[in-house]
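Got a structure for you, questions after.
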Amino acid sequence: MGLQSYIEQRKADKSLLVMAHVVCGYPSFEANMAELEIMAEAGVDLVELQFPFSEPSADGPLFVRANEMSLQNGTTVNDCFEFMAAVTARFPFKVLMMGYYNTVFKLGEEQFLRRLKAAGGVGYILPDLPIEEAGSLHALSAELGLEPIILMTPTNSDERLAQLAAAARGFVYVVARKGVTGSKTQMGDDVAALVARCRAHTDLPLGVGFGISDRSDMEYLRGHADMAIVGTAALRAWEQGGAEQLRQFFSDLVAA
Amino acid sequence: MGLQSYIEQRKADKSLLVMAHVVCGYPSFEANMAELEIMAEAGVDLVELQFPFSEPSADGPLFVRANEMSLQNGTTVNDCFEFMAAVTARFPFKVLMMGYYNTVFKLGEEQFLRRLKAAGGVGYILPDLPIEEAGSLHALSAELGLEPIILMTPTNSDERLAQLAAAARGFVYVVARKGVTGSKTQMGDDVAALVARCRAHTDLPLGVGFGISDRSDMEYLRGHADMAIVGTAALRAWEQGGAEQLRQFFSDLVAA
Amino acid sequence: GYYGQYGGVFLPEILQATVNELLECFRQCKSDPTFWAEFVELMQNYSGRPTPITHMANLSAHLGGAQIYVKREDLNHTGSHKINNVIGQGLLCKRLGKSRVIAETGAGQHGFATATMAAKFGLDCTIYMGAVDVARQRPNVFWMENMGAQVVAVQDGQKTLKDAINEAMRDWVTNMADTHYVLGTACGPHPFPEMVSWFQSIVGQEARAQMLEQTGRLPDRIYACVGGGSNAMGIFQGFFDDDVELIGCEAGGHGAGSSLHAARLAYNDASVGIAQGFKTYFLQNDQGNMNETHSIAAGLDYIGINPILAYLWEQDKVRFLAATDDEVREALKLTMRTEGLIPALETTHAFAKAIEEAPSMGKDEIILINQSGRADKDIFTVAEALDDNKWKEFIKTKAAQYQQERQ
Amino acid sequence: GYYGQYGGVFLPEILQATVNELLECFRQCKSDPTFWAEFVELMQNYSGRPTPITHMANLSAHLGGAQIYVKREDLNHTGSHKINNVIGQGLLCKRLGKSRVIAETGAGQHGFATATMAAKFGLDCTIYMGAVDVARQRPNVFWMENMGAQVVAVQDGQKTLKDAINEAMRDWVTNMADTHYVLGTACGPHPFPEMVSWFQSIVGQEARAQMLEQTGRLPDRIYACVGGGSNAMGIFQGFFDDDVELIGCEAGGHGAGSSLHAARLAYNDASVGIAQGFKTYFLQNDQGNMNETHSIAAGLDYIGINPILAYLWEQDKVRFLAATDDEVREALKLTMRTEGLIPALETTHAFAKAIEEAPSMGKDEIILINQSGRADKDIFTVAEALDDNKWKEFIKTKAAQYQQERQ
């Protein structure tokens, strides 16, 4: 079953899905597994596993530090794939690889996709790979049944949104505002208008990310988007209060 | 009696006269007086009293420091003239003012000469006043019967020596070598040749200065020059061993 | 935006419109002769261009080989070739209608130049600089702040140049509406490598005409140091159609095999990758993560290289050498003593390789070195490189004096 | 050698032949057009002349009065106009057949320039510098030593500039046979005031032509700082026959009546005297001994003034003003922020007075300032003048680092 169908199926029971995020190897793979347990308990629908990279230029400070610490711990690409295999074997949610294109390029596109597939991943998010540069990777992905997640942003023209829509698979990652991950976004007419513009160009489910941090954000998105994408806020909860606070965070977030 | 006659008279009894040097107010006027006592005892024929100046650029390190300390002690031009009056009243040797032209200029040439004469001085040595700049001062001096002491040096051409000779009065100060006061001069053919060149241009007595420091220098000069000019070596003796060493210094120096 | 397989644009989608707008503006400027004329006039009146070419008669005689000439980018306002690019991008920023500039800086030369340009053009200015560099390059920070720039100390990663670039990118993806990113070297996403090279081409244009005028011929070899590659591209471009050997001089640090260097092409440690918005040779590990680099010259201490230079190297059109820290120290001392020039430590890499090769060349042959900058305002760097004890004593005395003032 | 009652030669007889030889050589050089041509060519190829004129559009708009232009002597090699004189005297030294040069220096700019010239001309070089200045100007000492000069710390007197001049004179009276004294400013015995002014006249020649070319007319007023007077004489000479008001800007230090200043003509504290080989206005007491002087800018902190300027002032042909230390601090900050220029503290005295007077002039009037030097290599001086705490913390950290290295 493809990602799009999976999302549509889950949407039958829930008004707003949740995609969560984990930086592989930070603070440790054991901790990652504990976090994912909590996410699974909370009914998270999709998880991005970020492969750490030395130059995470699209990330905000919390993730930058997480990437850095993970690499200092010695995390390798191989470790990340092995962890992904363990995760997909254990949990019901679907898993995406998230990271930077050099990780893919260095391994080789085909090798990367084969390993992703073997580890049970369903697709990937590469924020520094524009569609112009993604031709061969997307083609290979289609052959292997893996889905490139495309980002639509507030600065895109309609013409550009149409191009992005044509390349998008699974769902569209709607970037709620300018900037990097992790800062608070004021949910309001701007976000609604952006979602509406994206909707006009694609029938794929729309996930909204960047700055989703609490229940009120979720309530705002309900009805506008199909999925809320939660990253930094969850990591912050874990860093501040460990398993207990992360559990509380998700329980608050998904409470209907 | 003019300076030239005075020197010639003294030369009747001595093969080589001595001119000594004191920096007024260094280390104090009392000390100066004690030094002069010793010089008088030793039979010194002529004394330069240096009026301290802030920029003694023709002097070597020992005199530079002496000028500086004297000014720090608050020595004024007036103090120097008063001291000169006391000295000329007390001692048999003749006294010259030595210093830099700005002291003269600032007081006014005529005023300077009148005060010099009133203090019993017979002339002056101004090493930074070339004959080209000395016209009015020399003219006034002639009127007042004061004598400008002219320096002849190893770098002067014969033509220049002739010009210098024309301006010279009293005696000629022969600078034994290049440089500033205070370094040792190697007495030898160079000095003899220079004295001979000067002699060819003037009938005035010749005093040789710059680096005269011991009895062997005196012996060398005897027969070549009329007078030895002793400055730094005497001050060094005083600084090193006070009255006793200064007395010893002059006694060694003038021992026939 | 590709040169062979190198170059491209690898940026977050949010910047797509901004980069397109920049690209379009750059194309317009490039095809508008009044733009270049305005640029040249400003460089003349503000920065003292054309910079001269100086014959190193003493150094040449000392080495006994080729005649060495030096293109004097050190005489520019702010002390290096960086001003060429910065003034160019300032004019472009005006055309873009943006009121704020941001820039990354390593050694501080580019930040210094950008802060200067921002003051001159009346633009708001934020400079990103690794915290390690802020701590060791306080003099440049001092000047930048005094020219009204805000200097942000970046605490991520190695806390040096590449981290400053990442942080500048993060600012740009947030503030692109009113902000132009004045990238400092000929790296990063298209059109930066080409655009920075274009502004720097004024160096090569002048140099070619000056060599013909002064020596009646073209040089046999041209040496330029290569960090990102902007000064090398600047001078090389004047001679692409000529029979002139072009030599890029990288930072050899502690030497080949030491891992403490920043030589991407002269040594065998780099491989092709994608980072900081473009594809080129990077000093990276087998996981695609960037290595720590080292050079005596902060301005050469960079992981990547201009994609056009990578392509020219691949085609054997530019030869690459590396000068070690020790070779640089000796070359600097020799140049100061024989010619009264104080090349920046970056530049001195080019001097070091020219000094090495000149003796084996004929006396009728000609070498041209691009002196990309001067070191006289980087005294801490140079005094430390030369391990000058009197300098260290002076600093201790100053520190004691400042301590006492406070009490 | 007189200008009105000012000038002359007041030197020990031992130097008479040397000064005559110098005077003769200077006359020959002055009447030999190939000499000036060689000088100009060397200044072009080595030092980057002609230096440009930059319009201060922002500063002018900010002040709301006259249009301000700046002659950019700061862009010269070694960072100030000092190089003009030094290269000129280097050529003259070659003609004299001498193999060694000596010079005095206060702030270190002239010593730095002389050491540079000596390296370039292959001459032995000794620089005399007051011990106080050596201690506070270590950066310049570092560069001089690295260019092969011997720097002698003078322990006499105030241990500053005038004492360095005395000590240089003492060297000269000893070694005149093979040694030329490269006097740094347009002071001292004839022909130095005229000779230094002649070499510096290249500034005014260029500036006049450039103003006509850039603005179509001559400036209404020209401001130049005056220590000894060389940069002021340099630019003023281009405009003696024109209807242009010339303004010399002296070091006002703590202000009129404070005695902590170095204003010879703008305040009433100086009188005519003879020292350091010439007759001019000196800051001296009633005994004819020189006063201690003070300025935020070491290069203006001098007791005397160029005799030609004294004569021009007497004839009302040059107006004299003084800028206080505080005015200089504010002018420096304003200039850095509005124009991206970092004038030397000396130069900033001219900026301060131009900034003061520009608002009351018409928008169609033109001011020209001679920017005699740049401050970017004198960071200690500027950071201390601006009392920058981050700088002081940086120095303390550096000192601790150096201390640790030794252990």
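Order of writing sets the labels: A, B, C and D. Residues in every chain begin at 1.
Methods note: a contact is a pair of C-beta atoms (placed from the backbone, for glycine too) under 8 Å apart; a residue touches a chain by one contact, two chains touch by 3 or more.
Composition by chain, UniProt nomenclature: A, B = Tryptophan synthase alpha chain.
Please read these numbers as outputs of a predicted model, since none were measured by experiment.
Colleague: Along touching chains only, what is the step distance from chain B to chain D?
Modeller: Each step joins two touching chains, and the minimum needed here is 1.
Colleague: Identify the chains in contact with chain A as well as chain D, in label order.
Modeller: For chain A paired with chain D, the chains in contact with each are C, in label order.
Colleague: Let me check something: if the centre of a chain is the mean of its CA atoms, which chain is farthest from chain D?
Modeller: Farthest from chain D by mean C-alpha position: A.
Colleague: Centre to centre, by mean C-alpha position, how many angstrom separate chain C and chain D?
Modeller: Centres of chain C and chain D (C-alpha means) sit 32 Å apart.
Colleague: With chain centres defined as C-alpha means, what is the inter-centre distance between chain B and chain C in Å?
Modeller: 65
Colleague: What whole-number Å value describes the gap between the mean CA coordinates of chain A and chain B?
Modeller: So the centre of chain A lies 98 Å away from the centre of chain B.
Colleague: List the centre-to-centre spacing of chain A and chain C in whole Å, with centres computed as mean CA coordinates.
Modeller: Going by mean C-alpha positions, chain A sits 38 Å from chain C.
Colleague: So which bits of chain C are touching at least two other chains?
Modeller: none
Colleague: Any two chains that touch count here, so list every such pair.
Modeller: Listed by label, chains in contact pair as A-C, B-D, C-D.
Colleague: Show which residues of chain B lie in contact with chain D when the two form their complex.
Modeller: 52-58, 60-61, 64-65, 68, 71, 76-77, 100-103, 105-107, 127-130, 132-133, 150-157, 160, 164, 175, 178-180
Colleague: In the complex, go through chain C and note every residue touching chain D.
Modeller: Residues 44-48, 51-55, 58, 72, 75-79, 115-120, 122, 135, 138-139, 141-143, 146-148, 214, 333, 336-342, 376-377, 379-380, 383, 386, 388, 390-392, 394-400, 402-403, 405-406 of chain C touch chain D in their complex.
Colleague: Which of the residues in chain C come into contact with chain A in the complex?
Modeller: It is residues 8-18, 156-157, 162, 165-166, 169-170, 173-177, 271, 273-277, 284, 286-290 of chain C that touch chain A.
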